[in-house]
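Chain naming follows the written order as A, B and C, and within any one chain the residues start at number 1.
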Amino acid sequence: MTDKTALTPATHTTPPAKFSHGVKKGNLLQVAGQVGFLPAAEGQAPTPAGPTLREQTLQTLANVKAVLEEGGASWDDAMMIRVYLTDVAHFAELNEIYDAYFQEQGLKQAPAARTTVYVGLPPGLLIEIDALAVLS
Amino acid sequence: MTDKTALTPATHTTPPAKFSHGVKKGNLLQVAGQVGFLPAAEGQAPTPAGPTLREQTLQTLANVKAVLEEGGASWDDAMMIRVYLTDVAHFAELNEIYDAYFQEQGLKQAPAARTTVYVGLPPGLLIEIDALAVLS
Amino acid sequence: MTDKTALTPATHTTPPAKFSHGVKKGNLLQVAGQVGFLPAAEGQAPTPAGPTLREQTLQTLANVKAVLEEGGASWDDAMMIRVYLTDVAHFAELNEIYDAYFQEQGLKQAPAARTTVYVGLPPGLLIEIDALAVLS
């Protein structure tokens, strides 16, 4: 039997329901849908990084990365990144931010696959991202 | 060669197209998008459990669970649960129902990761859920 | 260490950002969200197969299949197919096209699981599909 382990970075806010920010079982690591919440501050409700797509996207990517690292993985292990935007008009800017971010990360392997779709999100949130990784 | 097996609980309505309610291959089990349809009744079109979010959510979770069990898995094996709601205003109630449900299930391992987004669904349906599981 | 390999069919247009049309690592193959773009033509912007759901769906399925085959897989290896439509009114027609297509493919194993939801897509696009496969 292989155990499933919850991945809970110290910086992350408590999930609003009985789910884990990430789980790892065998060589598979799943990151739950992350949004652009700033690191948790005691006695304060979860707060987005800022009102702009750029601020929220960079914080969301940092939040996904923290879960990957909590499980001993990195962006290089990511197979699939799912991006949920709220506005089709944000696509070009998202791609600019995304490319610059991954340029800085210095990937050693092929970039992950990605699907981007446009959905509704809670008020104030412009982006949500989840990821599936396979550890080496 | 490892075969891919279709998972078709006896209670489930026939899928509206050439897809399986679930498939298992090696130690991976994928549950297709389930909605709140009551157990299939001969000669009757698929019918949602009820008009409320609570009725539909509990039936949807039961339908996902039936597919997991058909493949020899349980909620403990679930890595990722994707929840599709139609209305952002349903988030808080969904979380209450979700937590109470999993409390009753008595998970022995970490809860699955989860992503919740707001999309369109066919008329009358308030929720759809799919899941990825890794068997031990 | 197992390497992650990018899958880039020669016919495919360049992704609009740092992601791969598909990646393979170990026995897992993930196909990125594909739309109904015709094979890439030099000096021409990505162009959808046609304005109808039928044209776009068949081209999208061909694009997903090309990525699977680039990784040495086939539809038989597909575990999960995610279909994103823009209009609930397209569901019945999608299912007809989907069934006829997979009938022609002559699957030897169980059909993949599937989730269909209704989202926003960039102007002119009616469908997006991604897929997860497990190689034998």
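The rule is simple: a residue touches a chain if its C-beta (ideal position, glycine included) is under 8 Å from a C-beta of that chain, and two chains touch if they have at least 3 such contacts.
Here the structure is a predicted model, which means the values were calculated and not measured.
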Pairwise touch network: line, ring, star, complete, or other: complete
Fitting chain A to chain C on CA atoms, where both chains share a sequence, rotation angle to nearest 5 degrees: 120
Gap in Å, rounded to a whole number, between the CA centres of chain B and chain A: 23
Numbers and ranges of chain A residues touching at least 2 other chains: 119, 132
Chain C-touching residues of chain B, taken from the complex the two chains share: 1-6, 15-23, 25-26, 28, 30-33, 82, 84, 119-123, 128, 130, 132
Residues of chain C touching chain B in the complex: 27, 76-77, 79-81, 88, 91, 94-95, 98-99, 102-103, 107, 109-119, 132, 134, 136
